[in-house]
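Same chain, two partners: chain A is paired with chain B first, then with chain C.
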Partner chain A sequence: MRRIGITLLGLAIGAATLLAIGAGAAAQGTAPTDDEVNAIAKQLYCPVCENLPLDVCPTQACAQWRETIRLKLSEGWSEQQIKDYFVEQYGARVLATPPAEGLNWLVYVLPPVAFLIGAYVVFRALRTWRRAAAGASVAPDATVASDDPYVRQLEDELRRRG
Partner chain B sequence: MSARSSAPPASSGTKRPWGAILVWVAVLGLLAVLGIGLVRAQQGPVGVGSKPQPFTLRTFDGAEYDTGEMVGQVVVINFWASWCTPCEQEAAELEQAHQRFKDQGVVFLGVNYVDTETEAKAYLAEFGITYPNGPDLGTRISQAFRIRGVPETYILGRDGRLAHVMIGPYASLDDIVQAIEAVQAQ
Partner chain C sequence: MLANVGFFALVLTFLVALYGAGAAAFGAQRNKPAWVESARHAMLLTFPLLTLSSLCLIVLLVTGAYDVEYVASTTSSTMPVYLKITAWWGGQAGSLLFWSWLMAGFATAASARRWDRDREFLPWVIVVTMITLAFFLSLTVLFENPFAGLWVTSDGQQAVAMFQPGGAVPLVPADGNGLNPLLRHPGMILHPPMLYLGFVSFVIPFAFAMAALITRRTDDRWIRITRRWTLIAWLFLSLGLILGGRWAYDVLGWGGYWGWDPVEIAALMPWLTGTAFLHSVVVQEKRGILKRWNIVLIILTYSLVIFGTFLTRSGVLSSVHSFAQSAIGPMFFAFIALTFVASLSILISRWPELRGESQLDSMFSREALFTLNNLLFMGVLVVCFWGVIFPLISEIFTGQKVTVGPAFYERATGPLWAGLLFLMGVAPLSVYGRTSWVNLGRAMWKPLAVSLVVPVVVVALGARSWPAILTYWLIAFVVAVVLYEFWRGALARRKLHGENLLVALGRLAGRNRRRYGGYIIHLGVVVMALGIIGIELFQTETQGTLARGEQMTLGDYVMTYDALSVFDTADGRNVARAVVSVYKDGRREGELYPRRDYYYESQQAMTMPGVRSTLEDDFYVILVDWQPIAAQGATFKIYHNPLVNFVWLGGLIFILGTLVAAWPEREPAGVGRPATARAGLARA
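Right, the complex of A and B next:
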């Protein structure tokens, strides 16, 4: 009984050791993939070539920045930490979506405001057209009072036939 | 046309079109913002005779250099990057000029523009550059000088005013020497 206990204890310690070694190797050995690097790179823009995301930028500078992202990822940095690092180094203009501060607010405020104004203009126009159409449908009644004898004759004829 | 449709409503004569006014104000405001941005974008580099805002350069070694405290000296500010091939044409010559003028009250500062530190340090080692060099954090210095690219070199006179601008690389050591001597003579 005692021998079985010692054997089980030995097996448990061995398994735990193997698991620990495996986990350590996995943590150190997995280099960030290109997809992981590009997932962050596409949220950043090349500070040199205008309007070109970092993941597709072909210049040497962008290649260096992608390697920086890879290095930071391998060191365990989070996506936000890497983006903050790039902003500190190269300014907020490297961000694909500018931070909501200062004049940048216009980027976030203007589109919905323009949409609301547009919707209001369309609403007003539709209402005006509907009123105009309603007005047009009652227009014949309004012309009954006309002094034009031809119109009066025509309306009398229509009334007789109707 | 009926009499009913041509007659204006009694109340519309005094009603102000606030909606239209608001839209026009918004459109004009947006155009003003775009205009200011366009004017700023079209401005060239700071011109000779102007007085650039002083800045502090924190070097790769951690030392700090404040151009505001360098009045009375000639300051050569060179913007460069390790990925910039034309920068390599003048790198060794700038170091030679630094060695030549360092005891004559001429300060050289290298501002590393949108670069990675590892490559920047490798570049400095490759060309044996010893004068102070540091990153342009947040591109604040390059924005103050409104640079268009690298390399660009700005020389401040003893009064702190911009005395010489070089867009692109110097062709030779003589060109750098002549530029500095001309500023010294002012």
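Right, the complex of A and C next:
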């Protein structure tokens, strides 16, 4: 019984959406194509199907979101206006990446900073080792490449071939 | 009855594992070999006990014992037997049992080796593996018991409990809910076991590393013992990742194979540290440096393995894989924190003893380049880890959930991957020890010159995307270097031994499997890179609604919609199957059958694409929607995925290379000497 109710509700919403689209398209003269809808949907995520972009999500809820995009497009809304509308309705989580504001800055700043720190540590370690090597009285064999006698022989041969 | 036997075996194994860990630690500290031997026996007992428990579960699954909650929630009478067996790892409780069974198997295999030269490692290897096993068993015994039954309590409520609650009567559903439809695919049947095999086998090198630290054997013995374990762990993890990608491509119906989903990243992270580890242990073996770093890497890998299982199993991060949610998150969190802190403390306590045995002689030596390789891998790891946990941090501190999607990861890791490809070209030509940029340049110029032809040709052919041109050049460079290395090695052998080139090539790889296996792996990686660039930069798509007989166009392809049928199947599906014809350049290429399967039991739908595959490209069709009554109009989404099959081809080469590298080498003459002495000799 409940399922029938949900189905009827879905049909009603679908019919209303179609009517609205029809009205919108009539108002603007051109109906947006699926590709135009998907180009925006690709950049959005619904709160339910996390990590699946809206353009490929097969659920009914996402199909309705896509219809909303179609409706807004047919009313002449721009891509940015539509994205802003979804953010206003459902929060920043609908965007594919966090907007660069407030705490979200951290998501963009931390990885490069961590990498630079890592690079600095590696660079310092390499320099320290080199200094130690320069100061060492007994330098290791410069050309030791392998503990496998065959490979040593092979590499000697290769070196001779120049 | 059978459920009780299975549960009893689980509890017994848990106790035996705890005893094993305790007895081994006690025996090692008090120097009582009998206790260690007893602990070893306890460890050997865990595998048969868990095999018994697993067999009980499999029999329950196959015979449809729906009074067991796990059986009712993961199987149904319409499922074929092989799927009922795979339901063992198809749900949370069963997969934790599966993890434990593999852990016990690997611990047993590790204990079967000859221990005569490094007996002192044995107790600590037992302690680490048994503590890990006991942790996973505690989850199954206390929280996620696959043997728990279904009951109806006296007040009419449904309950899940191992033992009959007071006044309750058993509940036996007529049929089960069936396995999650997403898991009913060959890729998904194999993907979890491969991933778990990779995860579990990384525990062994970690156990040996801890044993080496605790017993103060800070030479490279632990690395030499676990060299093949590590390669095999890495092989399985790589296989798991590739199969997961293939499954996503075939089943998830979004035209791609990698969506930077948290659960995918969870499997990638230990692979990243594992790959860095595989490279940096070679430096320790050859030069006696990076000892501390190698321990750090294996600790990180172990923690990320547990973290990876945690992400898939705790439900803390919901994702497309979130079919396994439960309340075991805090347990995982506590265990990761505890083992991470404990192993780092052991490392710090041994810090002075892990000083390098030699120095770095040149910034252009192989050890310096391998260090850079590690830096880049760590860079990718930081991006991945941060991207995965940032939504949680944001939610905790601001109450706002955010999405960190593919765009973030692609932008942040792109340059790092490019750097790794470049190093993949340069490092094989470098030498250990003292060298200079002149020497490196002299070794590099020939393959470098050959590789530069590729970007010139690509630009001449009209390519203008600079990331693509750069990647094509890097790919050409790596291929040129690998071929050059094989070529000059084979030439040298021909000169030395008078062999013909083919024999020389075979023997060259046979005599230094790790090195030449590594080169084959590099080839596999660049072939995969070719496919990744193809789909990432040149994928095109379009969507449209067609009436029967109408057509839509994408690039050189034309697709016509011929027919659609909707029908029920005997295994409980409602299938909507379209028939479309594909034409390329006016010629008919064949029919495709994109479909949508709706599973009545689980009320879930699956989108199965129709794919026409060639080495050049894939034409990939998804049935998005259709009009159910007249079956006249249908909406299709079509993708053109250039070069995508190179991803799978590269994957095969990659696996082949790993097998070559991991294949046991014939022991060279003079192997009677201890390995440490030999290593010392090489460095002397």
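Quick note on the criterion: the second predicted complex is superposed on the first by the 107 of 162 C-alpha atoms of A that agree within 3 Å, B and C clash if a C-alpha of one lies under 4 Å from a C-alpha of the other, contacts with A are read in each partner's own complex, and residues count from 1 in each chain.
Rule of thumb we're sticking to: contacts are C-beta pairs under 8 Å (C-beta built on N, C-alpha and C of every residue); 3 or more make two chains touch, one makes a residue touch a chain.
The structure presented is a predicted model; accordingly, all values stated were derived computationally and were not measured.
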Partner chain in contact with A:Y120 - chain B first, chain C second, else both or neither: first
Touching partner for A:N38 - first (chain B), second (chain C), both, neither: second
First, second, both or neither for A:Q80, with chain B first and chain C second: neither
First (chain B), second (chain C), both or neither touched by A:P98: second
Chain touching more of chain A, residue-wise (chain B, chain C): C
Touched partner set for A:V107, first chain B, second chain C, both or neither: second
First (chain B), second (chain C), both or neither touched by A:Q89: first
Partner chain(s) touched by A:N51 [first = chain B, second = chain C, both, neither]: second
Overlap of chain C and chain B interfaces on chain A (superposed complexes): 47, 91-93, 103, 106, 110, 139, 142-143
Chain B to chain A touching residues, read off their complex: 2-5, 19, 22-23, 26, 30, 33, 81-83, 114-116, 119, 135, 137-140, 143
Chain A to chain C touching residues, read off their complex: 33-35, 38, 45, 47, 49-53, 56, 58, 63, 91-98, 102-104, 106-107, 110-111, 114-115, 118-119, 122, 125-126, 129-130, 132-133, 136, 139-151, 153-155, 157-158, 161
Chain A-facing residues of chain C, complex: 253-255, 259-262, 285-287, 289, 318-320, 322, 356, 358-363, 368, 371-372, 375, 378-379, 382-383, 386-387, 390, 393-394, 397-398, 400-408, 412, 416, 431-435, 488-489, 491-493, 495-496, 511-512, 515, 541-545, 596, 605, 607, 624-625, 635, 637, 668, 678-679, 681-684
Contact set on chain A toward chain B in their complex: 47-48, 59-61, 64-65, 67-68, 87-93, 103, 106, 110, 113, 117, 120-121, 124, 135, 139, 142-143
